[in-house]
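As structure tokens, here come the structures.
Two complexes, one shared chain (subunit A), two partners (subunit B, subunit C).
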Partner chain A sequence: MKKHHLLMIVAGVVVGLAALILTASGNPANMGFCIACFLRDIAGGLGLHSAGKVQYIRPEIIGLTLGAFGMAFAGKEFRARAGSAPALRFLLGALVIIGALAFLGCPLRMVLRLAGGDLTAIAGLLGFVFGILIGVVCLKKGFSLGRAYKVKKSDSFVLPGFMVGLLVLLVAAPAFIHFSQEGPGASHAFWIISLVAGLVVGAVAQKSRLCMAGGIRDAFLLRDFNLLTGFVAIFVTVLIGNIVLSKFNPTLAVQPIAHHDYIWSFLGMTVVGWGSILLGGCPLRQLILAGEGNGDSAVTVFGMIVGAAIAHNFGMAGNADAMVDGTFTAGGVSTAGQIGIAIALVLLLIISLCNLYKEANAK
Partner chain B sequence: MKEYLATFHTHLSALLSCTALKKAGVSARMTPVPRTLSSSCGTCVRYTAEQDHFPLLDQDYECVYILSQQEWALLHANDI
Partner chain C sequence: MIDVRGYSCPTPVIMVKNELAKHPDSVEVLSDSPCAVENITRFAQQHGYKVVSQPTQEETLLLLTK
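What follows is the complex of A and B.
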């Protein structure tokens, strides 16, 4: 086995184990990691939205960025670069998170949900693959947001610095920072465990280039399966872990923080897959690239935080199914969420068409 | 014949360069950038030719390497 294949499998196993540890330590079920949910929680913690059940400055996100930052520095791969359509990337980041929050999970949580036996997530997986296929067609037709350039080093420290600031706010817990008292935002591992898990995963993700969208993209575009092995390794690790811990529950019945709205799960994750390909990586990969000094990815992360806030302020996030005292309450995607996804798909189409290569313009 | 590898700042640049090389009769293919060369998960072009064919590469190429003793040796960097 080649070294980079082994590295990718190790990275997948590490991410899977970290997810299992975080869930066992208090994170919500099937949510050891969820970039979309955790950015949404951070937006809530900062008071950017007022959904009381999802407000907490998640140390995992801080750890992911700073872990990648540290590993990039140690490997002399930290490079300050920016200038590739930052405004469009901000918008794309927001759209991707709106799609993910309708489904109730980023691509990483989608894998964790599937590995927990959540069969409702299959609709999301199909939508994610479909969206990536659309993105691959765009790439083949010459889609590009343009190249990034060397920038001043200070630009590359903005997101890592923001994360350090978040860590200070989490630990100091001033009155203006919100902490959920119930719901998913109140379910979390002790902050040091979350931070360390994030640091480790951020470091291995930087070293391996792990990307949930890139694996499927490369399989279709280049017939290369290296990145995809990381995706599969996470699934297999968490699946085995859940079976051993008796947490594997393969059913379509009520699943943790999930819903049965298959069509809108499919379309929500279509937005995520398509948008991720246009951005050049999934939400996890954006955090890692920002940690490596990429200012465009930093802008994308800020777009994702704003997108998460908009999703909750406008009632576009998915509502989870609930079973209380034997009474089933159906969740799903509200009309506002459906409109949001429709607008996101239209915007993705416009962005894709407006950024296709035109030979005449290139000369 | 020598083995070359060119990395690019965008996927489009790789696509255009690969197409130009093929049109010139050069055996070229697109593959993921080897991890040993970059932390980027972008696309590179590997081609086999008698010369480096710099003029055929898109202006947004990043680096060109030549295979020497089973390792990629840097020929030229366009890292601006």
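What follows is the complex of A and C.
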């Protein structure tokens, strides 16, 4: 087995184990990691939206960024780069998170949901693959957001610095920071466990280049299955872990923080897949790249935080199914969420068409 | 020589793929991304190319030859 394949499998297993540990330690079911949900929680914690059940400063996000930051420095791979269509990247980041929150999960949580037996997530997987295929067509037609350039190191410290600030706010817990008293935002592992899990996963994701969208993209575009190996390794690790822990529940019935709105799950994840290909990586990868010094990815992460706030302020986030005292309440994607996804798809089409280069990126 | 510095994945590999279609015997590539260097190297080797890399402080010059 080649070294890069082995590294990718190890990375997938580490991510899977970290997700299992976080869930066992208090994170919501099938949500050891969810970049979209956790950025949404951070947006709520900072008061950018007022959905009381999803407000918390998630240490996993802090750890992911700082873990990648440390590993990039240790491996002499830290590069201060920026200037590749930052405004478009901000917008794309927001669109991707609006799509993910309609589905109720980023690509990483989609895999964790599937590995927990949540068959409703299959609609999301199909939409994600469909979106990636559209993105691959765009790449083949010459799509590019253009070149980034070497910048001062200070630019590359903005997101890691922001994460340190979030850590201070989490520990100090001043009154102006919001912490959910019930709901998913109140379900979390002890912050040190979450932080360490994030640091470890951030480091291995940086070293391995793990990307949930890149795996499927490279398989279709380049017949390169390296990144896809990590995707599969996460699924297999969490699947085995859930079976051992008797948490594997393969059914379409009520699943933790999920809904049965298959069409809008499909379309929401189409937005995520398509947008991630235009950005050059999934939400997890954007955090890792920002940790490596990429200012454009830092802008994307800020776009994702704002997108999460918009999703909740405008009622566009998906509502989970619920079973209370034997009574089933259907969740799903609201009309506002459906309009949001439709607008996101139109914007992705416009961005794609406006950034095609006939000479296939040779300029 | 093609300059793939500053492009996000997978654009550097696509640029190399297009260049190899025009000049199948050899291509020189300048990259500033360790990830792109790995991806280009893997792509070239999968397609039967020998890859020689000359790293400097933050950049790498790759020579791909049949």
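Please note the rule applied: the second predicted complex is superposed on the first by the 357 of 363 C-alpha atoms of A that agree within 3 Å, B and C clash if a C-alpha of one lies under 4 Å from a C-alpha of the other, contacts with A are read in each partner's own complex, and residues count from 1 in each chain.
Here is the rule we go by: contacts are C-beta pairs under 8 Å (C-beta built on N, C-alpha and C of every residue); 3 or more make two chains touch, one makes a residue touch a chain.
Just so we're clear, the structure is a prediction, and the values are computed from it rather than from any experiment.
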| item | value |
| --- | --- |
| Combined model on subunit A: subunit C and subunit B, fit or clash | clash |
| Touching partner for A:Leu279 - first (subunit B), second (subunit C), both, neither | second |
| Contacts of A:Val232 with subunit B and subunit C, given as first, second, both or neither | neither |
| Touched partner set for A:Ala148, first subunit B, second subunit C, both or neither | both |
| Which of subunit B and subunit C A:Glu77 touches, first, second, both or neither | both |
| Which of subunit B and subunit C A:Leu7 touches, first, second, both or neither | first |
| First, second, both or neither for A:Leu347, with subunit B first and subunit C second | neither |
| Shared subunit A surface residues [contacts with subunit B and with subunit C] | 4, 75, 77, 139-140, 144-150, 209, 211, 214, 218, 221-222, 224, 226, 280-281 |
| Residue ranges of subunit A in contact with subunit C within the complex | 4, 75, 77, 79, 81, 83-84, 139-140, 144-150, 209, 211, 214, 217-218, 221-224, 226, 279-281, 296, 360-362 |
| Contacting residues of subunit C [partner subunit A, same complex] | 2, 5-11, 13-15, 17-19, 32-35, 38-39, 42-43, 46, 58 |
| Subunit B residues touching subunit A - in the complex, by the definition given at the top | 9-13, 15-16, 30-32, 34-36, 39-43, 60, 79-80 |
| In the complex, subunit A residues that touch subunit B | 4, 7, 72, 75, 77, 139-140, 142-150, 206, 208-209, 211, 214, 218, 221-222, 224, 226-227, 280-281, 285, 292, 357 |
